Every structure is written in structure tokens, then in C-alpha cells.
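Both of the next two complexes hold chain A, though its partner changes from chain B to chain C.
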Partner chain A sequence: MKWKERGIYLLSLLISIVLGLGVGALLMLATGHDPIEGYTAMVNGALGSKWDADTILKNSELGNTLYRSTLLIITGLATAVASDAGLFNVGGQGQMCLGALVGAYLGAELTTILPFTAGWPVWLLIVVCFLAATLAGAIYALIPALMKVRLNISEVVSTILLNSVALTFCTYMSNGPLKAQGKGTQTAAILKDLEFTRFFKPSNLSQAVFIAAGMALVVWYLMSRTTFGYEMRMAGRNSRFAKFSGLKASTLAVTGMVISGALCGALGMLEVFGWKHRYAVDLSTDFYWDGMLVAMIMRYKPLGIILMSFFFGILKSGAIRMQSSTGISPELIQVIQAIIIFFMAAEQGMILRFRTWRARRHPQHEEVISA
Partner chain B sequence: MSNQPIQPIVEFSHISMQFPGVLANDDVSLSIMPGEVFALVGENGAGKSTLMNILFGINTPSAGTITVKGKTYKSLTSAQAIGLGIGMVHQHFMLVPSFSVAQNIVLGDEPQRGILYDLREAKRITEKLVAEYGLEVPPDEPVKNLSVGLQQRVEILKTLHRGAEILILDEPTAVLTPQETDELFDVIRGIVRDRGMTVIIITHKLGEVMAISNRVGVLRHGRLAGVYETADVDERKLASLMVGKDVLLGLLERNQREQPIPEEPAISVRNLTVRDNRGLEAVRGMSFDVHRGEIVGIAGVEGNGQSELVEAVTGMRAIRDGEVYVFGKKINRLSPGKIRKLGLSHVPEDRLATGVAAQADITENLVIGKHRRWPFSVLRVHMRGGPARRYARKLSGEFDIRSAGVGTEVGSLSGGNMQKVVVAREFSFDTQALVIAQPTRGVDIGATDFFHQRIMDKRNQGCAILLVSADLDELYRLSDRMLTVYEGRITGEFDPATAPREEVGRCMMGADQAQDSKTTVNEASDG
Partner chain C sequence: MNAFQFSDLISFSSLMSTLGTATIVILAGLGCLMTEKAGMMNIGLDGIITGSGFVAAVVSWAADSWALGLLAALATGLILGLFYGVMVIRLKSDEFVIGVTLNMFLIALSTFLYRSLPAEANGLHVTEGTGMPIPKISLSMGSSNPINISILVPVALILVAVCQVFLYRTRHGFWLRAAGEHPESLQSVGRSPAKMKYMASLACGAFCGMAGAYLLNYVDGFSEGFSASRGYIAVACVIFGRSNPLLVTLAALFFGLVDTVGQRLQVFGVVDSNLTAAFPYAGTILMMIVLAVYNKARKPKRKAETAEAVK
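This part shows the complex of A and B:
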């Protein structure tokens, strides 16, 4: 039963993707482009052409797709954890910025401000930076969560507002107290030893992807296979019921939000250590919205988010090649992406309609449970 | 008009309604005559509400046609239905709690002065309706401050304001006290007699069918099991048609107590004072004990502190003054979880708001509270899905929870099945004290008997049970002792075996118990 349900779900998802791509193809035809050429360019742009063992590490297209997917996976899971606990974390950007700033600062200065760490092995220093950034994100998510459960202030409003606060604060810090000598609005570079090894150059993919994968695995397990994840879900669905059943509903909600913030903070640090190597104002955190979108389309199911992030990663990084090699305008590409997203978001409604339609035509196929 | 044969005002013809996995109506053909009170009875999930939702334009039937006032439709929209003079009062009221009565009544059809909302006119409309139909309501009061019975009146007035000629009432008495029910029936009789309205009433209280209806239709498993003149049938006949076998609530087997009541009561309430959501004192100095092996019933008109009492005893509401002890331990400041650990389970009165997580599935709703134990989890951390689902299937069998599978969302179950989920979970904790509120509200007669049997079994096993119910029959049937409450105070204590109903009713209305009808000395009050 469970597997049958899942099969139907995957199939309908596949159909909605195909339908979305189909409408996209029609749009390309209508604007005078060859859809086959367009989609080929997209796939090539996303997956690259170097797939044999010698050259695969130079496949920067593939690297970029993986990199983008990783960002979406972590932000998508962050949204999902909070949502499971019944809160909507719209403040991922701010949490990420703070994580990045803390990571960048400690990566550059840790051995200076705490001289006894100078002799520590590299991995330990990285762990310290990672934990500090995680903590920064967590604390920054704790504030709106507490305001929600204590004062009933909408976390959607407070997290959005806190985004601006964090972004402004980080800009100030990197232009003021932490500004690197003689540079633009950015902090000093982290120590060379701490930089993650990059591969698939010149893509942004680095060793950070392994840490992100580990984080995704832990979060997936936590959400779907532990008593804690279950309790959090129950509190998120009906907090009064959770309290009635003996759970600490408010604590669970706060914890969900804090984990969400921690993931974002950690991701900010990984961005710095992976390729940026410093905090700078141009460090993009906009992809958080895409991650949220993925999570919503996949109804906050961890495994689904991970899979769908790869698909989105392909769409996103393929779009660049699509534009450069076929001349399809980036606006059109965005429209096509939006249509595909529409179809996937409508998946649930479509399958319900299909079932009702089938039930009407062949009533005997449905079991009558009241019998 | 009088010399030609009367045409049915509503005619269902071969209506079938297929939901995914459930055939809710199966080839139902039924005529409703103008000016009659037609009762539609059937168990939970028999398809009563579905059929009426088709008439009101909420559901589109899979097959069949509806004829209203001589015109035949394949399906109706809500706007069409309202236009045809059909009004429906749902089981769950569709009112805006913070709006005043008048604002709710004119909602969607607001009187205007220029571009402004004419509140005075809204009030005038309401007062005119009140005068016309004799349904007293306070026009300026926010709906949230009204009792359930009054809220229902607002719903009825709303449909009358929209010009309803055919009024559908979906289980209108499920939330009413006996007095309110009588008043409602007076209203129904009035609008039928004076206005020539047609009333369709969905219910599964057979006594009410006999009291109010001219004709009665019985649905069973989506099929029409029969239509009768009410005068030609009795409750027993209807009950057996509803469930397909002979059941009428009979006597339950009640063990005599083998040993004297242990010294220490399981639940002990001392001078308890609790405030309601508005900050007013809802419970004012109640004291009583519940011992193991007895059912103590709390009888009262709803809104006299019963809900707050239950919430205080189970930790869902702060205790203002006084003490509550569970197995000797003071629970004044304990959380619901801690109180559960002392050995108290709780069936709440509002199952949708408190008793279940409607968006979670049956398994998730059944396993909560036990999920940290083997075999549902390893080391209290790792959840095991398989044993949880097997356990849910086992409990579903034991408690006759009807669904498409244990992965079904609880919110999609009928009221009775949802209550079975709650009872299955709460009764399967290994606890020796139970607080049960309104266990059979909105539950059909077959399931009611089942729940009563289970409650009595628990008592016979030595469980202490505090039972709060608005259904006096239920309390008479189950209780060992009955306490009447009025405005947050206990006004009497009765032995159901001997207590006259009139006396109990008087105490529920605030009269003090006559000295000679006292069954036991209330020792609790001087604790």
C-alpha cells in the first residue's frame, strides 16, 4: 500500500515534469526556437560533456549543477524542519549571512584572538568555525521562535524583518570593524590552510559538498526516523494535541526553528570556506527562496526535497548554456521554469481529479470501505 | 393548489456519490414533500451529510439527478441552492466568532448606506427576523460569547434572512442540552406551521426523530434502507434498520465491587477554582473524589464549568485555587505529560481540536504516548514504522476503526471513527484513572453502545472514571454516582439507580438538592 502510494506519487511527479517541459517546448516554438536544441543545450549545460574517468574532475558544468543542488538541498531541508515543527522560517538569508560572517571572521582570526589554538590541527579549527557559524544561525533563529511561542508574534513577519537586520549588520561589519585592509566591503581572507579543496574547477564545488551531504543525511534521519522528528511533526500539526498527549509542544516548535537556523548558519560558513574565502557583500543568499520553493513543492518531505533539488539544480545551471548557445532569452527560460514548477505544484490537485474521474467511470475499481 | 396532487419539493433520483475509495451514496431515490419535517437517520458514514451536501451544492453527485421545485438538475452549485431557497445549518457552525450576531446574519448580503456598511440597518434586519420568527438572540453580542444553542439560532436566522424555504439541519442537537433541544424543536414546529417551510433534519437520536418528524428516511452504508411515516415506526425498528441488526441500548453488566473502596481516591478535587478563557471563574470551589472501580458522572447544562473542570484535572488549564490530587500526588502545577505519567488518561470533549492531529495518519495518532517504548522505538530515539503500523492495525480491529488503511489521514474519518481513534489510544494506556468528556457526542447509536461497553469494562477492571456528559441518558446508564453542577458549583449528588430525573434536572438548573434525596454524605466538601 505504502509503496503503491509512493509509486503513484513519483509517476505523477514525472508526468507533471514532462507536461511542464512540453509547455515549455511549445513556448520555444512560439518564439521561434527549436525546443530540441534548447533542451539539449540545457542538459549539456547542466551535466557537461566530460564524463570519462580522466576528465570528469574537469567537468565544471556538472560541478556547478551539484553545487547548486547542494545549496537547494540544505535550504530546502531547513525550511522543511521548521515547517514540520509548525513554523515558517523565512529568515534563512539572515541566518546564512551571520553564519558566513562568523565563519569568515573566525577562519581569519581564530588563531590570533585565541593564541592557544594556533597549534591545533586544521580539521579541529574547521570544526570550531563550523560549530560557531551553526550556533550563530541557531541563535538568530531562536529569537523569532521565542517571540512566537511566548508572545505569539508571527514568525513570518519577524524572520523577514530579521533578514534585513542581519544583512545590514553584516554589511556594516565587513565595511567597518572587520573590513580587510585596502579592499572593498569585505572581511579578511580565511587562513589558506582552512580553505576547502575545490574540484570540477572552475565550478564552486568543494569538499563542502561532503559536509552538506552529511548534514542532509542527519536531518533526513532526524525528521523521518526518530521519535524526536515524530514529536516535532505532531506538535507542528496540532500543538494542543501534542500538549494533551504529554509532549512539550512549545519546546519542540522552538527546536525545529533552531535546527533550521543552524542549517542555514552552517551553509553560510560552507560557502565561505568552499570558494568565497571571505565574507563579502556580494555573497549571494538569494537561493534560499528557491530552496523554500523546492520544499513547498515536495510538501516538506526530506527525500523528495533532496531529489527535487537535483532537478532544480539542472534547470538552473542549464539555463545559462541554453541562453548562450541558442539565444533563448533568460526571461523565457524563467517562464519555462515557472511553468514546470506550476505543474509540479499542481500535482496533488491533478491526481485527485484523475482519481475522481476514474472512480466515476469505473466505480467497481474502488473498494467500498463502509461495507 | 389544494385540488391537485402535491408535488415533492425536492426529489433525489438515483443519486450516487463516489469519493476516492468510498461510495458514500449508492443509488438513492427519495422525495421530500413541502411543509414536512423529514428526518434522515443513519450511522456515521451512512451518507446522510453527503446526500444533503449534494442538495446544498457542496458535492457534485457521480450519478443521478436532483429535482427542486419541479426543475431537474444534474448538480447544483451553492449559489443555485441558495437561490432555490435551500438553507443549511452545518454541524460545525460557519460563523465569524468576533463578529456580532447582526453582522453574522447579514454576512455576504451587507446592507449599505452609500459605500459604507450600515450597521444600524443590519441590527434592524436582525430585530425584524427575531420578531418575525420568535427566535431570541442578542443582535449586538459577538458570536463567540454566545452559547452553542444561541449560535445555532444565529445560523438558522442567517438562512432565513437569505430566504430559505427548505432548511437542512445537520445533527442540530448533537451540541445542545435537553432544554435547548426542546426550544429548537419548538422553533422548527413554528416555522413549519406558520411559514410552510420544509425542514430536513439529519440525526441519529431516534427519540428526536419520533418527537419532531412527519416522515423518516433511513440510510445504511450509502443505500436507502427505507422511508416511513414516523407514526408507523418505533425506535427499535429504526435502530435495527440503521445498523441492520437489533440493537437498542440495554443494561450493561456492572460488577459489584468486590472489595471496599481503597482509602485513597484516584482523583481528588478540593475546593477547586478555575477561570475560563475570558478570565471569569468557571469552576467555583468544587470538591469531590473519584475512587477506583467507580464512574462518577458530572451532569449539567453545558457551560457550567465542566470543560474547565476537565481541563484543570488533566493539566490543560491553570488551577486558580484549591487542589487536585491524582493518586495522592498534587498536580496543580504539573504538565499534562506529567499527569499522564501518574496514571491518568483523558478523552477530551473536542476531539478535532484536542484529541487528534487531523493531518497526521491513524498510526501516528494511535502510537503517540507509547512511541518512545519498545517495540515502537529503539533506545527511545530510532522510530520503527513496521511495529507501529502493525499495532495500529491491531487497535483498528479491536476498536472497529473503519478506514481505507492505517495510513489514512485522521481528518478524513467520520466523527465516530475519529472518536474511536481517540478512545482506542486513551483506553490502551495502562492507566487506572480516566477522565472522559462527551464520549459519544456526534456518534451513532451502534458506536455509542460500543463506547459505553468499553467504559463499563474499564470500570469493572478497577479503573477510576470521571465522566462528563451533556447526555443525561448516558450518565444514567454508566454512572455509579452522579454530581450535578451549576455555575461552577456542585448542586447535588445522586444515585442513578434511584434518582428521579426531575430532581436531577432541577439541580442542573441551579436548585439545591432536597435534603432527603441525598444518597451519600458528601465527605469531600470538608477536606
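This part shows the complex of A and C:
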């Protein structure tokens, strides 16, 4: 039965993706573009042309796709951890912004504000910045989590509002107290030694990808291979049952949310150290939404999120080429993602309706409903 | 620039400005509370506002008529409300997932379509010549200059009263609340809870459609993601207004006040403009916390229950 369920799930996922891409094609037609041309540009823009052994490291398109996929994996997993614990973290964008701001500030000023760190090795400085950014994200996620378990205030609403607060706060800081001399709205650059090495130049992929992969591995292990992950899932699904099993559902929920925020904060810092080297307003943090959509599509399953992130990484990174060569706006990808979610969300209801209908016509299938 | 005085904050023009920004939240909040009463909270308000605002902008530009634009916004809202209803009621999807996805879907779609519009339609971001200006009424109070407000502002206030009467004084309102609180008992008297839920969902769409048309008018045209999380502020207002139309309106007015104070402080250069932009959001969060703490202190008996309930 389990395999049958999985088969149905994979089949409906495939159908949803095809339908989503189909609607995307219709939208391209409606706005006067050739869908085949659009999707071809997308695939070329995502995978690049240099695939030989000696030139593959110069394949910046591939590098950018991997970079995008990493972002999606971490944000998707962050959503999934919180959802497993029963809370819906919509505030990843704000947590990421704060993490990036803290990381950028410490990366530039740590040796100045704390002179005794000046002699420390580079890796230790990076670890300090990483932990500080993680902490910033975690604390910012702790606020809505506590509001939820103590005061029963919907975390969906509070995290969304906290997003706006964090974004405006970071803009204020990078345009006011932390503004770099003579520059636009951005903070000072981090120390040269702290910058991560980049590969697949000129893509945005850097050593940060290994740290991100490590984070993904830890989260996957935590969620699907430990007692803690199991308890968290149980508490998230049915807090009353968890209570009677002797678990503290509220503590587990807060923990899930804090881990989620920590991941986002860390990702913000990795963005700064691997790519921008400073906090600037154009540091894109809105991909948190894309990661959230991926997590929703895969029903918060860690392994599924990791695999699906590569698919959407291709779409996201190819969308840039699609825009430059055909003029199709990259928002189309979000539209396609949302349509896939709508189909996936409707899928269970449709299957249930189909089974009820079939059971009514052929009573021998009755057991399918009860199973 | 004049010196900053607190009396500026409590002038007639501040009051009207408060009402002006609050109207979007009031309208969206009325829609949201309808669905909340019917037992499924629609948090896709931002998406519906943006989507219907976009349609209103295009239609009013093409037809050169604000009335058609408003009608188009209402129709878009109704269609989206129906879509939400079908997804949540008939196909039993998770209401939060659908709401959040609806937001992202419509904001992305309207941005995509907006960018694909022909060049001559780029005038959508200015009011002049788009045909959208909804007629305004002019109000003056004593010596101050007359202030123009959109006719949708009084309409919204009337709708608050209508909703209040509908929910608590009519049979249908009673059934609608029963569909949320106790669907089985509604079923047992031969009424369909699903029908009431659809009604609430459609009402939510229409209210948000109107909010979209009003917002289009209020901010002088469509821009990408122009609802700026106001839909979520409306959801917050519904939560601490406990879904009572009058209380939700009061909460929305409070939001409008915070927004106005922020804008005024910015005009007088007291606080950095990047910080005042955070006022409405931070204010809403603080208001939620204060109210929740107050409610908790008032009902010590239910304290244990609330603390335990994670979901």
C-alpha cells in the first residue's frame, strides 16, 4: 500500500509539473512570446554549454544553477523543520536579512570592536560570524514562536509582519549607522581574508556551498533519523497526542521554529561572505518564498525538497537568460510554482472524490476508502 | 520646514488620513472576518487585493471609466473568492497553504502581466488619464482646508455596519457563524454548511476586490506588489478584533493612526524615513501582544488551555 501511495504521489507530482509548465507556456503565448523559444532559453541559461572535463569549471551557468539550488534547499528545509514542529515559518526573509546584516557587520568590524580577535585565524573569525548570524536568525524566529505558544497569536501573521520590520530595519541600518563612507545604501565590505573562494566564475557559487550542504545534511539527519525529529513531527501533527505521550509540544514547536530561523540567519551570512561581501539593499532575500513553495510542493519531506530544489534551481537560474534573450519576465517561474502547488493541494481532495465516486459505482472497491 | 508639533498629529487632516489608509484594512478585514466566522480563515487577502487592483487598473485604463474598473475589481475578487472556496471547501486543501500560495501566485502573476503590457499602458502608474480616479467627496471642518476623500471611504464604513447587522441580526448571518462554530448542528437543521462557507468566501473576494480598487486609487496607480502586506495587517486586525466587525474596524483605525503618525514624523524629519516605514508593522505586532496579554490576564481560567494549545 505504501508503495502504491508513493506511486500515486509521484504520478500526480509529475502531472502537476507538466500542467504548471503548460500554463506557463500559455502565459507566454498570451503575452506574445514563443513558449518553445522561452523554455529552450531557460534550459540553455541554466545548464550552459561547457560540459567537457577541462572547461566545466568555467561553466558559470551551471555554477549559478547549483548556487540557486543550494539557496532553495536551505530555505526549503528551514520551512520544513518549522512545519514539522507544527508552526508555519513565513518569516524566513526577515531572519535571513538580519543574519546577513549581522554577518556583514562582524565580518567588517569584528577585529576593530574586539581587538583581541585580531590575531585569531581566519577560520575562527568565520565561525564567530557564522554563529552570530545564526543566533540573530534564531532569536528573530523565537519571538513569533513564543507569541504563538504563550499568547496563541498566529505565527503566519506575526512572521509576515516581522519580515517587513526586519527589512526596513536593515535598510535603515545600512543607510544610517552602518553605512559605508561615500557609498549607496550598503555597509562596509568584509575583510578580504574572510571572503569565500568562488568557483565556476563568474557565477555566484562559492565555498559557502559546502557549508550549506553540511547544514542540509545535519537537518535531514535530524528530521528523519533521530528521536528528536520524530518527536517534533509527532508534536506538530497532533499536539494533544504528543501531550499524552509525555512530550512538551510547545517546547518542540519553539525548537523547530528556532532551528528554522537559525538556518535562515546562517544562509544570510553565507550570502554575504560568498557573494556580496557586504550587506546591501539589493541582496536578494526574497528567494525564501521560492524555497517555501518547494517545501510545500514536496509536503515538507527533506529528501524530496533537496531533489526538487535542483529542478527549481534550473527554472530559477534559467529564468534570467530567458528574460535577457526573450524578454519574458522571471516572475513566470513563481507563477508556475504556485500553480504546481495548487494542483498538488487539490490532488488529495480529487483522489478522495474519485474514490468515493468509484466506490459508489463499484462497491467491491469500498475497502480502498477505509484503507 | 515647520517645527514638529504634536498638535499636528491630532488635526482634522490627520484624522482623514488615518481613515484613508485604514479603509483598505477595514475592507480587507471585513472579508477576512467573514471567512473566519465561517470556519476557514482566508489569508490570501494580499493576493486578491493585488490581483483585483491590477485588473481594475487595466480595465479602467482600457475603458476609461472608473465604474467599469471598480466592477472589474469586484468581479475578479468574486472569481478568486470562488477559487479559494473550491480549493478549501470542495477539495479540502489546507487553508493556510492555499492562502499563502494565492498571495504569491497573484502578486507574481500581476507583476508578470504588468511587465508584459504594451508600452503605452505604462501610464498605469500615474492617475492622470487612466480613468481610475474614483469620485471624491470634499469635506471641510472649520478653518482647515477641504479634504477630498474617496466615496469608497463612507461606503466601507456603511459596510461595517451592514456586516455587523448581517452577522448578528439576520438568519443568514447566524447560519454563517454556525457553519464555522458547529457545522453539524447547522446540517441537522437542514442547512448546508458548505453553502454558507462558499458565501463567506465569495464575500471575502468581493470585499478584497473593492479594497484593491480603493488601493489603486489611494496610491495613485498600480505598482508591483503594491498591497505591501496590508492584507496581512488586516488578518492581524481580524485576529485581535476577535472577528467582530466593529472591533476589527477599531483595530484597522489604530493601524491607520500608527501609519499616519509615522508619515507625519517623517515629514517633520524627526525620525528617519526608513524607520517610520516599519511603524505600521511593528505597531500591529505590539498591539497584538498587548491585547493577547490583556486577554490572558483577564481570563486566568483559560490560561492553562491557551498555554498548552500549540495549534
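In the analysis below, the second predicted complex is superposed on the first by the 280 of 371 C-alpha atoms of A that agree within 3 Å, B and C clash if a C-alpha of one lies under 4 Å from a C-alpha of the other, contacts with A are read in each partner's own complex, and residues count from 1 in each chain.
Just so we're on the same page, a residue touches a chain if its C-beta (ideal position, glycine included) is under 8 Å from a C-beta of that chain, and two chains touch if they have at least 3 such contacts.
Predicted, not measured: the structure shown is a model, and the values here were computed from it.
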{"item": "Touched partner set for A:R355, first chain B, second chain C, both or neither", "value": "first"}
{"item": "In the superposition, chain B vs chain C on chain A residues touched", "value": "C"}
{"item": "Contacts of A:K243 with chain B and chain C, given as first, second, both or neither", "value": "both"}
{"item": "First, second, both or neither for A:M147, with chain B first and chain C second", "value": "second"}
{"item": "Touching partner for A:F228 - first (chain B), second (chain C), both, neither", "value": "first"}
{"item": "Partner chain in contact with A:A53 - chain B first, chain C second, else both or neither", "value": "neither"}
{"item": "Residues of chain A at both interfaces, chain B in one complex, chain C in the other", "value": "243, 352"}
{"item": "Chain C-touching residues of chain A, taken from the complex the two chains share", "value": "27, 31-32, 86-88, 90, 147-154, 156-158, 160-165, 168-169, 171-172, 175-176, 235, 239, 243, 249-250, 253, 289, 292-293, 296, 329, 331-332, 334-335, 337-339, 341-342, 345-346, 348-350, 352-353"}
{"item": "Chain A residues within the chain B interface of the complex", "value": "1-2, 5, 225-231, 233-234, 237-238, 240-248, 352, 355-356, 359-360, 363, 366-371"}
{"item": "Residues on chain B engaged by chain A in the complex (per definition of touch)", "value": "16, 18-24, 45-46, 62-63, 221-222, 314, 316, 335-338, 340-341, 346, 348, 353-360, 364, 368-369, 371-372, 377, 380-383, 402-405, 407"}
{"item": "In the complex, chain C residues that touch chain A", "value": "43, 87, 90-94, 96-98, 100-102, 104-105, 108-109, 111-113, 115-116, 228-229, 232-233, 235-236, 239, 272, 274-275, 277-278, 281-282, 284-285, 288-289, 292-293, 296, 306-311"}
